[in-house]
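The two complexes that follow have chain A in common; it is paired with chain B in the first and with chain C in the second.
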Partner chain A sequence: MSARASLVPGGSVFRRRRDGWLGLALVLPALIIFAGFTYYPFFKNFQMGLFKAAPFPNLPSRYVGTAQFTTMLGSADFLDSVKSTVIYALITVPLGVIGGLVMAVLAHQKLRGIRIFRTIFSSSVVSSAAVAAVVFQVILSPQTGYLQALGIHLPDITSSPTWGLPAMALVSAWQFVGLAFIILTAGLQSLPDEIMEASRVDGATAWTRLWRITFPLLSPTIFFCGVVGVIFSLQSFGQIDIMIGTSGATYTHTNVLIYAIYRLLHVSQNTGLAACYSIALFVITLLVTLIQFRLLEKRVHYAH
Partner chain B sequence: MPPTLRGMRTSSLTKVVASFALAATSLTSATLLSGASAQATTSCDPSLVAKSSSTINITFEESMPGGAVSGTGNHGVLVDLINQYNASQHKVHVTDSNDAGGYGATWTKYTADLANGGSGAPEVVQFDQFDSQEAVDTQSLIPVSSCIAADPAFQKDKKNLVQKALNAYVVSGTQAGMPFSVSTPVMYYNLQAFKKAKIAKAPTTMDQLIADEALLQRAGYRYGVAIKKDPWLTMAWLSVNDQAFVNNGNGHSSRATATTFNNSTTQQYWSKVQTIIRNGGLASSLTGSLTQAYANIFAIANDQAGITFDTTAALGSISSALPLFKNVTLGVAPLPTLSGKTTGSMLPAGNGLFIPKYGTAAQVSAAWDFIKFLTSKTSMASWASRTGYLPIRTDSQAAWKTALKKQISWYQVAFDQFSKGLNDNNTQGPVIPDYEQVLADFGPTLDALTQSPWPSASTELQHAQNTTTSDIQSYNSSLGY
Partner chain C sequence: MPTKRLARTISRYLLLVVIAAIVVFPLYVLFSGSLMTLKEISSIPPQLIPLHPVWKSYSEAFNTGNLGQYLAVSLGQSALITIGQVVTSISAAFAFAYIAFPFKRILFALMLATSMIPFEVTVIANLQTVHSLHVDETMQGLVIPFLATGFGIFLMRQAFMQIPKEMHEAAIIDGYGPWKYLWRVAVPLARPSVAALAVFGFLGAWNQYLWPLLETGNNTSIQTIQMGIRQVGGTISTANLTLAAGVIATAPLLVLLVFFQKHLIRSLTAGAVK
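For the complex of A and B:
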């Protein structure tokens, strides 16, 4: 095509330019939303971390450079918070994934009324953190809880430094198990029937089929579920706020990073340090996800 | 490319881009405009209401719980008062803005208004008494002292207010806000439990309380005594012993820079509480759901305990629920002390009314007029008798007593605790910088004190004192102090 032809309307260069502008116009609404609500707050965090904020928004902040990042990295509160976050994830994710997997395998049977069980198993996914917190409060309360009524005396998890974090992780795991169940059920349903049939013909037992065929073929889904679970557990907030709050000894043990950020913002009004914690949480989430991809993905079998 | 897009005309494309540009410009303009600072009024002239030829509209931001229906719950009673004020005159009209989330929600909303340069801020705002220092630190208020100074009629009326309630809102020597609701902690007990346990009268010392706990447990009350893990108790014990929670005149003379609550008095009190809990008493949570935050009260209702401490502000709710619990005959007494005597008096606690500076001069004047109405003799008698708060005026007492009839003995205990005895900085309640943080710091200490391995009170209180002092200093430094 000649240069002259390409410059006239309908020519390829003109059309490419026009299509380029059109493409830009079409992505602009999404771009504005992402820019306003994702990218701007993300980069603003880095700026906020450099300023010591006055406790009230009408008063000026002071530039302190990287001092707040240094303070955070050297603070016992931050290290405790990271430790709590890691323990929280280590309880929530395996419990959620294994629970979801067991239920998915059980619900994958062709039995009468199995749909009812599927609905029950997946119901926790539609329960909000507030609902989950209230459900567990009603069950666990040492004064008025159901377990108490049954004669099972439990320690008060809202003031027990030993049981506070595991109890909160249990609530999160209960919430996550529904999502894990749905993901893993979808994974199970997508497994090729002919492989299962062939293994049955070859005389493989149910256990062998599960262990040697189902799990390897399901491993990409389990891996995905694990990644989602880690991100879910790192963002758990509502149940801790409702069941524990910001006061009490249990609080110091359930002070996971996301809750520490909230506390810094709303109790201490320390936006600068809260921004530093947010960046730390971002880095930790990124690193954990990268590690998961590097280490665990090697053990995942993708069907081709 | 799909055919529809390929066929789109350039002019249409230009229109799309232009529309987005226009939308973005409008959005930016709106954001800039909404962020524009409201005007600031720096003085208070109470005479402007009388001079005004038109109705002055003001908003009252408050945090009272209860139904929105007039007359139901604390909020309903307040709505009644607002309606009465609006009906009583035509110069000022008050619009109520209730934050169901409590003091914290009002605080959050107010500071959000500050982020907009005061745009949207109310003309009268209700804050927790212990948030007074932070309220002043926002640099967004007109101290009520400037209204009082310009109001000769109020200066004459001032003598009818309980001076300690008024003094509670003196921050660094200035009357920052006006008291509105006052409550104190008291001891609640079940007379039927006392009868079963053969306890003749309410304990007046902590040692008697320990002995009564054993008697109650023997009579079948699982916990015997229920104690809420509330930092307020530490403030109360310091106040009745005429000691300060923070330095610099308990924060009244000048800005507090450190907490001072770890002394032999508080150590002895908390050691006694440790004994009570170790002997099987209930240490209940300060926060959480209704059943968590009032587990100590429920323990009385469920025959698990015979004695607890809590606020008089709960008396209204308790007395309404009492007919449902035939097993409880309520008794109210002052908090037990170490020796049975007090050298100071009980601090007031509750909430006060503040005037933000963002209204017009006429609105500031109207705000003061409304505050005077809420704290007037008649309003205060109505407010106190219908909510469980204590009247902050001595001349409201007669009407208050008449309205409460037989229940007055419960309230009188609390009122006497608060209004009689010494009135100095130590008994007016502390003015604490970064109060919410101090409260949060205190929680772990109280939890640790009330469970195994039972650390010494002096060690735990010292730890709390160090943490709270460090946080107060960090807060002060963020403001340039």
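For the complex of A and C:
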């Protein structure tokens, strides 16, 4: 703590003039990358969004001002896409957070061999979207016996308007549950031991302790985990591309924003509209982060 | 009393085992399926254990599926991104933690704020940028946009600031300049965070999907392993091949998870707990 206090801005150790040049030189590499590949392309979206692609490829695009953006906001395609994105998150995030929470509580016991369970519970964190896609393709396929063995008879999800989106969200939830477990476990381990001990002495049952003490104390971490989950779900792309995209099926029911951007960019080559969609994706990401941080400040019990 | 306690312990383990089985099931299917023939994978009821494990899918994936090349590209791309992120993060974080220089506050804010902009939102203009730099469909194009991260700078700065004041006081008395202090004191003491950042960077780079898909275009010679899976994926008729490719794509990360679990967890939970 004292080390930190002495180093808050103004408390730098090296403060000669030539150190200043060194400081600038040291931040320069990161600065160049951020300027060229984060800020420039980010702001460029706002400029590209002002131009409408010609109806035929290889013709120059036309300046339309903000018209393209406002048209997009009212278009059925865009609203569908937002709806799919919201449904996607509403499945992925609760499944991942609740699953992660159950596992974190179970793995928080003092039992022999618990470390093996911790490794298993966090294992899905290493799975890429592509790997998750091919595995779930096998598990969910009507041509294999996994679901049928459980008594579930589903049509081919890649062509099912009903099951396509929930199936993709399930894949994301599995990918996310390992990360959720890791985050929530860290939260559990940071809870003050004295309070847990005191409640045990008071004779509260394990169940009561969980709901009355552990979860309220853990709520900042649970919220944080939710934010991470929403951002994760907004970026889920690979499984949709592999499981739906390459099947040649209609994609309208799994047309989440990130996939819509890809289609606009790669298939329709409609850069202007893709830029408008990108701005929308950014705004949603930002809103989620801000809303959740707001909630965090207001409602949540702080551990200390 | 002891039987009651025993029963409770057993039921706890039972619950753990059931949940572990559910969570690990997809990974199990990945491994077991890669050792089965296509006919066995699609047998109904499902065959859970590869009774006659076949390794053919692996040799086939390497021979006809060109897996070796995808793997080499992924290793190169992920290693370059990891090294780049570690270098730029250490360098910038050290400046922010220890050196007084102009525009320090605003530059720090700008660099942290990059984590609020998802990469997905920047792909359109980034594609144009790599094109105009003539590095589209090249390894440089795969790597350059990811050579710095706001998260890495944040993580390393935290690590540097936790080094006790006595260390730099002693170093200054010994006449250390910033450069010597960085290499002799700061980096060695911040080694766990460097490891955490490296593991995190490698995991993220290895599993990238959207950028390699858009950037590599039609140049199959620089496609990553995830793209290799995409090429053969999408249909159940090549499931044995895709599962074998999936195992190859996941194995390095499982090794990371098992051996560097502590570091990986450190990086994944940075910011999670106040």
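Rule of thumb we're sticking to: the second predicted complex is superposed on the first by the 259 of 304 C-alpha atoms of A that agree within 3 Å, B and C clash if a C-alpha of one lies under 4 Å from a C-alpha of the other, contacts with A are read in each partner's own complex, and residues count from 1 in each chain.
We adopt the following convention: contacts are C-beta pairs under 8 Å (C-beta built on N, C-alpha and C of every residue); 3 or more make two chains touch, one makes a residue touch a chain.
Bear in mind the structure is a predicted one, so any value in this text is a computation, not a measurement.
Chemist: After lining up the shared chain so the two structures overlap, which partner does A:Ile157 touch, if you call chain B first and chain C second: first, second, both or neither?
Modeler: neither
Chemist: Once the shared chain is lined up, is A:Leu140 touching chain B (first), chain C (second), both, or neither of them?
Modeler: neither
Chemist: Kindly classify A:Trp21 by the partners it touches after superposition: chain B alone (first), chain C alone (second), both, or neither?
Modeler: In the superposition, A:Trp21 contacts both chain B and chain C.
Chemist: For A:Leu165 in the superposed arrangement: first (chain B), second (chain C), both or neither?
Modeler: neither
Chemist: Given the superposition on chain A, which partner contacts more residues in chain A: chain B or chain C?
Modeler: Comparing touch counts on chain A for chain B and chain C gives C.
Chemist: Which holds for A:Thr289: it touches chain B only (first), chain C only (second), both, or neither?
Modeler: The second partner, chain C, only.
Chemist: Classify the contacts of A:Cys225 with the two partner chains as first (chain B alone), second (chain C alone), both, or neither.
Modeler: A:Cys225: touches chain C, not chain B.
Chemist: With the two structures laid over each other on chain A, which partner does A:Asn58 touch: chain B (first), chain C (second), both, or neither?
Modeler: A:Asn58 contacts chain B only, not chain C.
Chemist: For A:Ala130, is the partner it touches chain B (first), chain C (second), both, or none of the two (neither)?
Modeler: second
Chemist: Is A:Leu95 in contact with chain B, with chain C, with both, or with neither (first, second, both, neither)?
Modeler: neither
Chemist: Return the residues of chain A at which the contacts from chain B and from chain C coincide.
Modeler: 9, 19, 21-22, 29, 134, 137, 141, 143-144, 242-243, 245-247, 266.
Chemist: Mind listing the chain A positions that touch chain C in their complex?
Modeler: Against chain C, chain A makes touches at 2-4, 6-7, 9-10, 12-15, 19-24, 26-27, 29-31, 33-34, 36-42, 44-45, 48, 99, 102-103, 106-107, 109, 111, 114, 117, 119-139, 141, 143-146, 148-149, 174, 177-179, 182-183, 185-187, 190, 220-221, 224-225, 231, 234-235, 237-238, 241-243, 245-247, 258, 261-262, 265-266, 271, 274-275, 278-279, 281-282, 285-286, 289, 302-304.
Chemist: In the complex formed with chain A, which residues of chain B make contact?
Modeler: 1, 5, 8, 10, 13, 16-17, 20, 24, 108, 111-112, 114-115, 117-118, 134, 137-140, 229, 282-289, 291-292, 295, 298-299, 302, 304, 434, 436-437, 439-440, 442-448, 450-451, 471, 475, 478-479
Chemist: How about chain A: which of its residues touch chain B in the complex?
Modeler: 9, 18-19, 21-22, 25, 28-29, 32, 52-59, 62, 134, 137, 141, 143-144, 156, 158-161, 242-252, 263, 266-270
Chemist: Which residues of chain C touch chain A in their complex?
Modeler: The contact residues of chain C facing chain A are 9, 12-13, 15-16, 19-20, 23-27, 29-30, 33, 41-46, 87-89, 91-92, 94-102, 104-105, 107, 110-111, 114, 116-118, 120-129, 144-148, 150, 153, 161-165, 168, 172, 177-179, 181, 203, 206-207, 209-210, 213-214, 226-227, 229-230, 233-236, 239, 242-243, 245-246, 249-250, 253-254, 256-258, 261, 264-265, 268-269, 271-274.
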